[in-house]
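Next, two complexes with chain A in common: one pairs it with chain B, the other with chain C.
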Partner chain A sequence: MSRPAPVRSAPVRIRIGPDWQRRIAFLAAAGAIAVLPLIATDAYWRTNLIVCALNAMLALGLDFVLGYAGQLNLGQSAFYGLGAYASTLLITKAGIPFWIAFAGAVAFSGFAGVVLSLFAIRLRGHYLAIASLGFAVITYQILLNWISLTQGPLGIYAIAPPPPIALPGLPVINFDNLANLFYLVAGFAFLSYLLLDRLIRSPIGETLTAIREDEVSAASLGINCGAWKVFAFGVSSTVAGAAGCFYASFVGTLVPDAFFVTESFTILAMVVVGGMGTLIGPVGGAILLTVLPELLRNIGDLRLVVYGVAVTLVVLFVPGGIVEAVRLASARLPRIARRGKA
Partner chain B sequence: MMTTARSADARPVAPGADALLRVQGLHKSFGGVHAVRDISLAIPERAIFAVIGPNGAGKSTLLNLLSGIYRPDAGAIVLQGIDVTGLPAHRRVRRGIARTFQKIRLFRRLSAVENVVAGFHVHHDIPPWQYVIHARAFRRDHERCRDEAARLLAFVGLAHRAHVPAGSLSYGEQRMLEIARALATAPRLLMVDEPAAGLNAAEVETLLDRLQALRRSGITLCIVEHNMDLVMKIADWVFVIDYGQFLFEGAPADVQTHAGVIDAYLGGKPQ
Partner chain C sequence: MAVILQQAINGAVLGSLYVLVALGLTIIYGVLTQINFAHADIVTLGAFSAYFFVHGIGGGYIPGIGVAFVVGGILGFAMNAAVFAPLRERGNELLPLIATIGVSVTMENAMLAWFGPIPYAFDSPYSNDVIRFGGTFITVHNALIVSVSALTIGLLYAFMKRTFMGKALRAVSQDRETAALMGINPNQLIMVAFVVASALAGMAGAMLGPVLVLTPFAGTSVIVKAFAIVIIGGFGNFEGTILAALLVGLIESFTTQYLGPGMIDIVVFALLLVMLAIRPTGLIAEERDENV
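The block that comes next holds the complex of A and B.
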C-alpha cells in the first residue's frame, strides 16, 4: 500500500475502548455464568437459565447476518431445527458418539446456511426475508412429514443428555445435572460470543458493515458482496445449529413444532429489542425475552399481550434497543444528577 | 450514429504517454435509450483525463461502465493490456481501478476513519486463522491500517474529523472523504465523478490541489465534470461526449474553441 504525497501522521485510533476494559467485562461475564446456577437452585429456574443460553446463541447468530451484514434472514428456526434433528438422528439412528454427531450437525446446518444463501444473495430486503421464511416453512414441513426419518409429529423421545466428561484428576462431570448442563451450554454461548467478537473486530467487521450500509459502494472498494453474505449466513447458521444440538439433548424430546417459523420471529425480536449491530444487545434481548414471559406467568395469557406491547414499544421508541437505551441513559443521568444537586 | 465511429489508431492520442486504460467501441442502452454509443478512448498513464458533456450526456454511465457497475452491451475495456470487460466491479478494484460517486455513497453511520479502513479490504495481509485469534500478523496489519488511514485522512484534510460519523460531515468533507476511501484501495486509476459538485470556491481550490498532488504521486486520474472552468484548470486531455456519443477530444485550449462543443454547451443543435 504505497501511497502518494508525504503527509503528517495524525493520532487516529480505529477502535474506541481500551482492551483491558473488555477483558474485565469478559471475566465478569464468565463469573456470572459460574455463579448463576448457585443462585438459581431449583430445576425451574435452572431450566430457564439453559433456555436463556440457547436463545443467546440463536440471537447472536442472527445478529451476525442481520445486524452486521444487514441481511434479514428469517430462516434461523430452520437451522436451529436442522442442528437438533441432525445430531439426534446421527446419535439414535447411526449410533455416532455425541461430540462427533455434534460436529457433524453443526457442519450440516452451516452447510444448509451456505446453500440457502447461494440462492438468497441475489435478493434484498423484503424479498430475502420472504425467501428465507419460505426456507423455514419448507424445513418445518420436511421435519413434520418425513415420518420414516423424523417420526413427524410423534416426535423423538428419550434423547440422552451429552455423555459425562471424565477429566483426569477431577470428578466425572455428568450432564443429567441441570447446573452442569447450563455450564456446558453457557460455555458454548460464551465461546460463540468470543468467536463473533473476534470476527467483528477484525477487518471482517468493516467489510460486513460496508455491505450493510451500501453494496454498490462496498463493491467499489473491492468487496465481493455475494461471497461475504454467504460467509455471514454460514457463520450464523453454524451457531444456530450448535444451539439446536444442545436443545435436543437438553429437552430430551424433539417435535417439529419447536422449530416452527414463529421461532424465527422470536429470535428476531430478541435481536431487535437487545440492539442490532452490537453483540451484547442480542444477549440481553435473549435473556429479557426469555425471562419476561416466565415472570409474567401468573397473569395467564395476558402475558403474551404484555410481551407484544413491550416489543412494539421498543421498536417504536428505542429502535436501537436496550443498548441504545443504556447509552442514552448513561449520557443523561450524570447531567440530571448534577442539576439535582445545583 | 456512425458519423462518430472511429478506429483507435486514427484517433489522436494525448502526447507523450502510454495508455493505462483503453476503451473500444463501448455501447450501453437502457430500454430504448442509448446512454453510451460507440465510445472509444485511451487514458494515458499519469494524466488527468477529463470527460465532459452537458447534463444527461452519458458521463456517469460511461464511468459506471469503466468501474464495472454496468456491463456494456458491446465493446471492450482494457487495463494495461488486460481485458477487464467481463470483470465485476470488485475484481476491477484489485486491478487498480477506484472511483467516487456523483451522488455521495459513504457509509453514513460509520465514522470517517472506519470508511477509510473499509477501503483497505483488498490489501489486508492476515492469515485466515488470525481473524479468530488476533496474533502478530493481525496486529501488524491493524497498525498499518491505522497509520495509513490517518495519513489518508490528513491528506484530504480530515484528520481532526476521524471519529465523526460520515453522515454528519459537511458536504465538502464528505466529497473529500470519498476520495480518501477510494485511495485506500491503492488505485492506479482513480475516477472521480463530479468531485466539485456542491463545493464552495475554497473547497474547489483544495480539491484541485489534492488531485494535482495525486497525479504527481503517479496516480492516473479520470475526472467526470460538467464544470468547464475546473476542467480547463486541471485537465491534460479533455474528452467530450454528448447524447452518449463522442463529440471531440483534445487539449483543454482546443476544446474551448471547438464549434460542436460550444453548441452542445450553449444548447445548439446536436450534430
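The block that comes next holds the complex of A and C.
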C-alpha cells in the first residue's frame, strides 16, 4: 500500500521556509550596507554607492505602482524633483530645519502623487502613460521657468548636507562624510524596502495585483480600484520624494535638468531590467544600471545606450528581468551540472 | 492686428509639421492600439538623413524630403519587425510601450554619440525668400511646409478612402478579428501602417530640420507635442488629429508671443490634462472607450 504524497505539509513549509530565509536575507543586506563603505574607501566609489541607494529608492517606488498596481507612471522624475526642490527651498528660503523640511517635502510629493492619481482613476494604459508624461513635462518646465523661486536653469548652489546627529553617549555623526551619508540614504532605502515588503505581503499586495490583472473583475469583488490606485501612487511618489530630498543634500546643487523626463525612463529601465512585480528586482536593476555605465565610462557617450539596449532586450527576451533570468538559471544549472558529472 | 495674423500663420506652419508626426502615431494606434515612443527618433533620423543628403552629397532639398520619407519607411518596417511583431503574441499592453521607450533611448544616445550635441545648421534653400502680403510675411520654406503637409494629408485621405489597402486598414482599425475573417491579413496591414506612419515622420523631420534646432533630441521635443495632439484630437481619429495639430500650433505661436516661449509646454500639457479630465475621448469622440 503506497502512501499518497503528503499534500498538507507543503503550505506549512512554504509559510515557514521563506519567512526564515527572508530574515536571513534582510540581515545579510543590512550587513552588506554596513560593510560596503569600508570596502569602497575612495570618494568615487562611495559616491557611486550613494547613487545606487538613491536609484534603488526611486526604482522601488516606481515598481510599487507599475509592477504591483500595473499603472505605467512616467512621472516619477517629477516627484523626485518636487521632493528635491521642496526640501531645499524650505531649508534655504524658509529656514526650516532639515528633518522637518524633509517631512514636509515628502508629504508634498506624496500629495502631488495623489493629484496625478486622480487622472489614473479615469485613465488606463497608454492614456495614463501620456498623462503622467505630461505631468513630468509640466513640472520640469515650472522648475525651469519659475526663476524667482527656483532660479531656473542657473540652479541652486551650496546646499548643506543633512545636519549632524548628536546622540547622547555617542560621537557626533557628521553627514559631510560620504560613508555616513551612505549609511543614511541606504538606511532609508532599506527602510522603504521593508515597508513595501510589509505592504505587499499584506492583503493590500493581493488587492493591487488583482487590479493589475483585471480591473473589472477586481471591482466586481468589491475592491475600490480608484481608492487603491490613489494609495499606490501616493506611496510611490512619497518614496521618490524622499529620494529627492537626499539627492539635493548629497549633490549640493539643484538644476531642473536633473529631473527631465528622461530620468523617468532611466528609473523605468531599472525596474524593467531588474524585474517588474518583485521588490528585489528593481534594487538589483538600480545597482546594475548605476554601476555598469560607470565601468563602461571609457566608451563615452555610448554608455547611456546601455540603458536603452538593456530595456529593449529584456522586454523582448526575458520580460521578468534579472529575477526571471536568475530563477531560470537556478532551475537549469543543477540539471546541467548533473549531466556534466554523468 | 498684423501681429495676430502673423502669429496665426506661424501657428499654422507649426501645426502642419506636427500633424504629419501625430497622424503617424494615430495610424499606428488605430491598427494596433499601441504607442510608439521611438516615433520621435524616426523624425530625428529623417531630419539627419535629409541633412546629409543635402549638405553631404550635395543633393537638392526637395529630393532630400523624399530621401527622409524612404528612410522613415524603412525604419518603420524594421521597428515593426523587431519589436512589435514579436511582442504582439504575448498580448501584454504595457510591454511594447516599454520596449519602444528602450529603442528610443538607444537611438537617441547612439545619435548623440555619432552626431554630437552641437546643433547642425540645416539650411533650406528657401528659408531666405519671403512672400509678403499686407503687414505679414511667410518664408517660402514655411509655405512649402504647409503645402507639402496639405498635399500629404490629401493623398493619405485618398489612400484611406479609395484604395483597397486603405479600406482594409480602416477595417483592421475598427475590428481586427472581423477584418481577418473577411480575408484581410492583419499582420501585413499592421506592417503597412508602420511603414506609412514612419515615412510621414521621416518627411516631417526633413521639413522641420531647417525650422527647429537640429540635434539628436529634435524629434523628442516634437513628439511630446504630438502625444498631446493625438490625445486632444482623440486617438485613432484623423479629423480630430488634424484639428488638434492646428490648435496646438496656434497655441504655441500665441503663447510665444504673449507669455514667452518657456510657457509653451506648460500651456499645451495643461490643456492635455484638462482634456483628459473632462473629455478623454478627444475633440471628436469615436466609439473607442477601452482606455477611459
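In this section, the second predicted complex is superposed on the first by the 322 of 342 C-alpha atoms of A that agree within 3 Å, B and C clash if a C-alpha of one lies under 4 Å from a C-alpha of the other, contacts with A are read in each partner's own complex, and residues count from 1 in each chain.
The rule is simple: a residue touches a chain if its C-beta (ideal position, glycine included) is under 8 Å from a C-beta of that chain, and two chains touch if they have at least 3 such contacts.
Because the structure is a prediction, the values reported are computed rather than measured.
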In the superposed arrangement, does A:P171 touch chain B (first), chain C (second), both or neither? neither
Quick one: is A:E213 in contact with chain B, with chain C, with both, or with neither? Answer first, second, both or neither. first
First, second, both or neither for A:L195, with chain B first and chain C second: first
Taking the superposition on A as described, I'd like to know which of chain B and chain C A:G95 touches: first, second, both or neither. neither
So in the superposed three-chain picture, is A:A310 touching just chain B, just chain C, both, or none of them (first/second/both/neither)? second
What is the contact status of A:I204 with respect to chain B (first) and chain C (second): first, second, both, or neither? first
Once chain A of both complexes is superposed, is A:L221 in touch with chain B (first), chain C (second), both, or neither? first
Based on the A-chain superposition described above, do chain B and chain C contact any of the same residues on chain A, and if so which? none
Where on chain A is chain B touching in the complex? 1-5, 7-14, 16, 195, 198-199, 201-204, 206-207, 209-210, 213-214, 216-225
Once bound in the complex, which stretches of chain A touch chain C? 66, 70, 72, 119, 122-127, 129-131, 133-135, 137-138, 141-142, 144-145, 261-262, 265, 268-269, 272, 300-302, 304-305, 307-316, 319
For the complex, give me every residue of chain B touching chain A. 67-69, 88-91, 93-94, 98-99, 101, 105-110, 113-114, 117-124, 126, 130-134, 138, 141-142, 144-155, 159-160, 162-163, 181-186, 213-214, 216-219
So in the complex, which bits of chain C are touching chain A? 29, 33-35, 83, 86-87, 90, 92-99, 101-110, 112-113, 224, 227-228, 231, 235, 260, 262-263, 265-266, 269-270, 272-273, 276-277, 280, 290-292
